[in-house]
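Here the chain labels run A, B and C in written order, and each chain numbers its own residues starting at 1.
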Amino acid sequence: MPRGFIAALTAAVVAVLGAACGGADEDRDTITVWTQENLPDRMAVQRELADAFTRRTGVRVRLVGVAEDQFSRVVRSAAAAGRLPDVIGALPLASVRELEANDLLDTETPGRVVERLGRDTFLRRALELGSADGRLLAVPSDAWVQLILYREDLFARAGLDPPDSYARLRAAASRLHRGGTAGIALAVGPSDTFTAQTFEYVALANGCELAGRDGRVTIGDARCEHAFAFYAELARRYSVPGTQSLDSVRATYFSGKAAIAIWSSFILDELAGLRSDALPSCPECRADPSWLARHTGVVTALRGPDAAHAARYGEIVSWAITREADRDKAERFVTYMMEAGYERWLGMAPEGKIPVRTGTRDDPRRFAEAWDRLPAGVDRTRPLDEVYPRALLDRLRASVEHIERWGVEQGQGRLVGAIMGELPVPRALSALVEGSLTPRQAAAQAQRDVEAVKRGIRE
Amino acid sequence: MRRGRGRTLRQREARTGLALISPTFVVTLVVVVLPLLWAIMLAFQEARLINIRYTGLFGRYSLDNFRYVLGEPGFWRGLAVTLVYTVAGTFLSIALGLVAALALAGPLRGRTLVRASVLLPYVAPVVAAAFVWQVMLSPQYGIANELGVRLLGWDRPIGFLTQAKGELLGVTVPVALLTVIAFEAWRYFPFAFLFLLARLQAVPRELHEAALVDGATPLQRFRYVTLPQLSRVIALLAVLRFVFTFNKFDDVYLLTGGGAGTEMVSIRVYNLLTARDDIGASAAQAVVLALVLVLFLGVYLRFFAGPERSAE
Amino acid sequence: MTAGDRRAARAVRPSRPRRPYRRWTRDRVERTALRLLRPLVIAALLLATAFPFYYMVVLSLRDVQALILDPGALFVPPDEITLDTYRQVLTPEEEGGQGFVVFIRNSVIVSVAAVALTLLISIPGAYAVARLRFLGRRQVHFLFLAVYLFPPIVLAIPLFVLFSLLGLRGSLPGLALVYISQTLPVTVYMLRNYFETVPRSVEEAAAIDGCGPLATIWRVTLPLSRPALMATGLYVFMIAWNEFLFALLFLVEDRDRWTVSLGLSQLAGAIEVPTTVLMAGSVVLTLPIVIVFFACERLMTGGLTMGAEKG
C-alpha cells in the first residue's frame, strides 16, 4: 500500500482516539456536582441551592444524583473515562477513603475551606474521622446516628430499664417477646448494607474491631464472636423470622409488633407521623399519628460486657473535591454549601442531617440552635423541637462527637472501603442466624473473608 | 486479462489471496489478537479501572497478580469445580446426544416435530433457559419441589441451585454443582445430537447389511460397526465440548451466580473484574485459565489425535 | 431379517449340530428391548426438551397469585388466562411496565449490525482461504480456529478496559464491533467449507469473461452460496441475540441500552417484578429466535455439520 495512505490512516486513527480520550470540551463556567442525596424532593432543594449559588457567583452547576448502592460502579466508569465530577456531596466515610486510596481526591482544598470557615466551628470528631495522615480528605457536612428505639410504655409496664447494654437489651427483648409482638426488630440480610451498619453498632458496643492499627484483621476475635452470638440470639429468639430489611424493620416497629428496633435517626420524622408512605400503623397511632413518637424512648450509646465504655455509631457525610476539579470554583461551591446554604441543606431531612458545623465565627452556636427548629417531615412538616424533647435533640447532637467506626482511626480505611461491596460480615451473620453456622464459625468465616479482601487490596 | 509483467498465475493468485484475506486478517488482529496481547500485559500490571488513567499503559510489571491469584484457596477450588463441570458436562452431553441420535436415526412418524423439539434447548437464548430452570427448581413455587414434596414424599423442598451440599442415599453430593451439570447436558446435547445424527446417516448401508448377514445382534452391530464409524465425530465433539464448557460463563452465572460451590474460574475472573475492580488479577486469572486449557488440548492432541491431523 | 435369510445364513456357516429353535435368542431379546425402549426414549426426550418451554408459556399466562397458591398446576383454566403479564412486559417504563420493546429494539440493532459487519469482513477472507493458494494459508486457517477456542472472558477484559477508557460503554455499535470478535472465526470456517464446494468451472468461466476476483465473488460465488450465506447470517444473528456476557459488561449501566437478554437477566434479580411477568419476558426473548431458526432449520443444521460428514 502506498506510504502516503498509511500515514494518513495513522493520523486519522490518532485523531479519533485523541478526541475520544480528550473528552468533550468542558464549559468553562460550569462545575459538575454529584450528590448521593438523590431522592427527588432533596434533588429539588439542591437544585435551588445550586441556582442561588449561580446567581451569587456566576458559576453554573450541573447537578447529578447518584444512588448510594450504584456509587462505586459509577465512580469507576467515570474515572476510567476521565469524566469525574468536580465535587461529590453526601459522601459516606468509607467512600471518601476508597476515593482517597485510589488517588482521586484533592486533599488540599478541603483543608483550605475548613480554615477559611473556621476550624473550631466544626466538631472535632468530624474532622478527625475525615482526616488521614494529618490531611483533611473532604469537608464534613452532616451526620446521622444509629438509635435503639424502644416502647417506653411497654418498658414501664414491665419495669424494665432502658436497653443501653447487652444485658438490658436481652432482658427486655425476651420479656417483651410474647403475644403477637416480637421483642426486637433487627436487620438480617446477607447482602444488606443496613445489616452491616446495625451489626457494626452492636459489635463496636462490645469493643469488637474490624482490624487493628497494624493491619491485622480482628473480626474473628473473642469479643466479636460474642457480638455475633448476641446478635444471632436476639434475631433468632426474640425477633421476626426471615430476612429483615430497612423497610421491614421499620414497618414492624411502626405497626406495634415489636417492642424495640434499631434504626438510624432518619426514622424520627416518620416516627412522628410526618411522612405519608411510612406512617405508624399501631393501634394507638390510628387516632394520633404522633403517639408512637411520644412513647418511644431512644438510646444512643450501647455497651457490651467485654467493653470498657459504651459506643455510639453513625455516619458522617462529606463534600469531596476531585483531583482534576476546577479547584477554585469547587472551593467556592463547598464554602457556599457550608455557610450560606447550610441551613437549607440540613433542612432537607434534619433528623438525619445533624450539623457537624455548629456555627460561624461570629455566631458559634448558630447552626446547632437553628437545627432544633428546622422543619422535619415530608408530607407534613413540624420543627423537630415541637415533636421531641430538647433533651433528646441535645443527646443526638452530642452523640456525633463520639461516633465510632471500624477501621477509620486505625488507618484501615482502604479495607473498610473494599468490604463495602462484598459485605462479608453480613454474609456470615446471616448464615449464623439461619442456623448453618455456630458463632465461632461465623466469626471465623468473617475473619477469612475479610482477610481475603485484604489480600485483594494488596497494600 | 491483466498483463502479468512476468508474474505467473500462481503468483497473481497468491497476491489476490493475500489482498482478500487482509481485511479479515486485520480486523481479527484488531478485535482479537491485540486485545489478547493487552490482556496478557494487564496480567502483569497493577491495574484498576478507578485509577487506570493515572497509572498509564507502561507501568510497573511484576508477578504480583499471579502470586495473588495462585495463592487464593478459592482459585484452586474454582479450578477443580471447572474441571469436574467440564468433564461431566462433556461426557453427559455427548452420551445424551448419542442416545438421541440413535433413537431418531431410523424412520419415525412426526420426525420433524421431534427433531425440532430436541433442538429447542440449544436454540433458546441462555437467559430464558436458565431462568425457566430457576423457576422450575425454586423451593417456593417451583414445580420440581412441588412434585417432590407431594408425590415423592420429601420433607423439605430442595434448594437445587442454592444448596452446596446434600444427602442422597447417605452420600454427600454437591447439589448445586450437579444441577448445573444437568443443565449443561440438557442445553448442549442437541449440538452433539446434530453431529452424530449426520454421521450416523452417512454410515454406508453395506456395512450394516454385512453385519446382519454375519448374524450380529443390534448391540453387536452398534459396537462393531456404528461406534467405530462414529469415533471420529465423538472425538471431535469431545474436544469442542470440552473447550466450550471449560470457557463457560453465562450458564453458571445465570443459574447460581457462582454461589453454592459452583464458582467456576470464569466467574471468578468476572467478579475480580467488576466487583473488585481488580483488572490485573482478573487478567492474570484469565491467562491462567487459558493456559490450563491449552495444556489440556496439547496433551489431548499429542496423545489422542495423532493420526487425525493428517486428514486436515 | 427374514426367516429365509436366517436359514440361508445358517447354511453358509460351517455345519454345527442343529439346535432346537429357541424363542429367546440374544438377537430377539435385544430387538424386543430396543423396540420397547425406542418410543420410551423418544417420549422422554420430547418431555425433557419441550416441557420447560411449555412451562414457560403456561406461567406467562397465569397470575402470580395463582402461581403461589398452586405451583404444581400444569394447565391454565381458560378463565384464568391473563395477558396482563405481556402487557406489563411490553409497556414502556414510564408507564409502569418493564419496557421490553426498547430492549427488543436494541437487540435487533446490535444483531443486524453484527450480521452485516461479520459477513462483510468474512466473505473475502473465507473465499481466499477456500480458493486461493497463498503463503501462510494453513497458518491463517489454524489461527482462526485457535482464536475461537480462547475463553471469551480473556478478550472481554481488555475490551472492557478500552471501552471504559473511551467512555464507549453503553454504546450499541461498539457492542456489535465486539461481537464480531466472537463470530468471525466461525463464519470464516463455515463459509470456507461451503465455498470449497462451489464448482470451480463456473468461476473459471467468469474469469475467462474478464472478472477479477472481487467481481467473481460478487457475481458468481455469492449467488451460488445463498443457502450458506443465509445459514451463516442466521447463526451470527442467533449468537448476537442470545449473547449475555459482553452485553452484561458493556451495557449494564444504561437501562435504555439493554438488550433483551440483559434486560431479562437484570429484572430476574429484582424483587418487585413478579415471576409470571418475567416468564412473559422469557417468551418474548425466545420466540423470535425460535421462529427464525425453525423457518430455516435445514440450512442451519446443514451448515453446522458440514465438516462432520467428511468423517
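By our rule, a contact is a pair of C-beta atoms (placed from the backbone, for glycine too) under 8 Å apart; a residue touches a chain by one contact, two chains touch by 3 or more.
Just so you know, these numbers come straight off a predicted model, no measurement behind them.
Chemist: Out of B-C and A-C, which chain pair has the most contact pairs?
Modeler: B-C
Chemist: Could you name the chain whose Cα mean is nearest to the mean of all protein Cα atoms here?
Modeler: B
Chemist: I'd like the Å distance between the centres of subunit A and subunit B, where a centre is the mean of that chain's Cα atoms.
Modeler: Those two chain centres are 45 Å apart.
Chemist: Round to the nearest whole Å and give the separation of the Cα centres of subunit B and subunit C.
Modeler: Here subunit B and subunit C have centroids separated by 14 Å.
Chemist: Indicate the whole-number Å distance between the mean C-alpha point of subunit A and the mean C-alpha point of subunit C.
Modeler: 48
Chemist: Enumerate the residues of subunit A that touch no fewer than two other chains.
Modeler: 73, 76-77, 80, 82 - these are the residues of subunit A that touch more than one other chain.
Chemist: Which residue numbers or ranges of subunit B touch two or more of the other chains?
Modeler: 49, 52-53, 274
Chemist: Which parts of subunit C, given as residue numbers and ranges, touch two or more other chains?
Modeler: 161, 164-165
Chemist: Across the complex, what residues on subunit B touch subunit A?
Modeler: 46, 48-54, 64, 68, 71-72, 74, 274-278, 281
Chemist: Going by the contact rule set out above, which residues of subunit B touch subunit C in the complex?
Modeler: Of all residues in subunit B, those touching subunit C are 1, 10, 13-18, 20-21, 23-25, 27-28, 31-33, 35-36, 38-39, 42, 47, 49, 52-53, 99-100, 103-104, 106, 108, 114, 116-121, 123-129, 131-136, 140-143, 145-147, 150, 186, 190, 194-195, 198-199, 202, 212-215, 217-219, 229, 232-233, 236, 243, 246-247, 249-250, 254, 266, 269-270, 273-274, 279, 282-283, 286-287, 289-290, 293, 297, 311.
Chemist: Name, in rising order, each residue of subunit A that touches subunit C in their complex.
Modeler: Checking each residue of subunit A against subunit C gives 17, 20-21, 23, 73-74, 76-77, 80-83.
Chemist: Residues of subunit C touching subunit A in their complex?
Modeler: 161, 164-169, 253
Chemist: Please give the residue numbers of subunit C that touch subunit B in the complex, ascending.
Modeler: That would be residues 1, 5, 9, 26-27, 30-31, 34, 38, 41-42, 45-46, 48-50, 52-53, 55-56, 59, 67-68, 71-72, 74, 121-122, 124-129, 131-135, 137, 140, 143-144, 147, 149-162, 164-165, 177-178, 180-181, 184-185, 188, 210, 212-214, 238, 241-242, 244-245, 249, 260-262, 264-265, 268, 275, 278-279, 282-283, 285-286, 289-290, 293-294, 297, 301, 304-305, 307-311 of subunit C.
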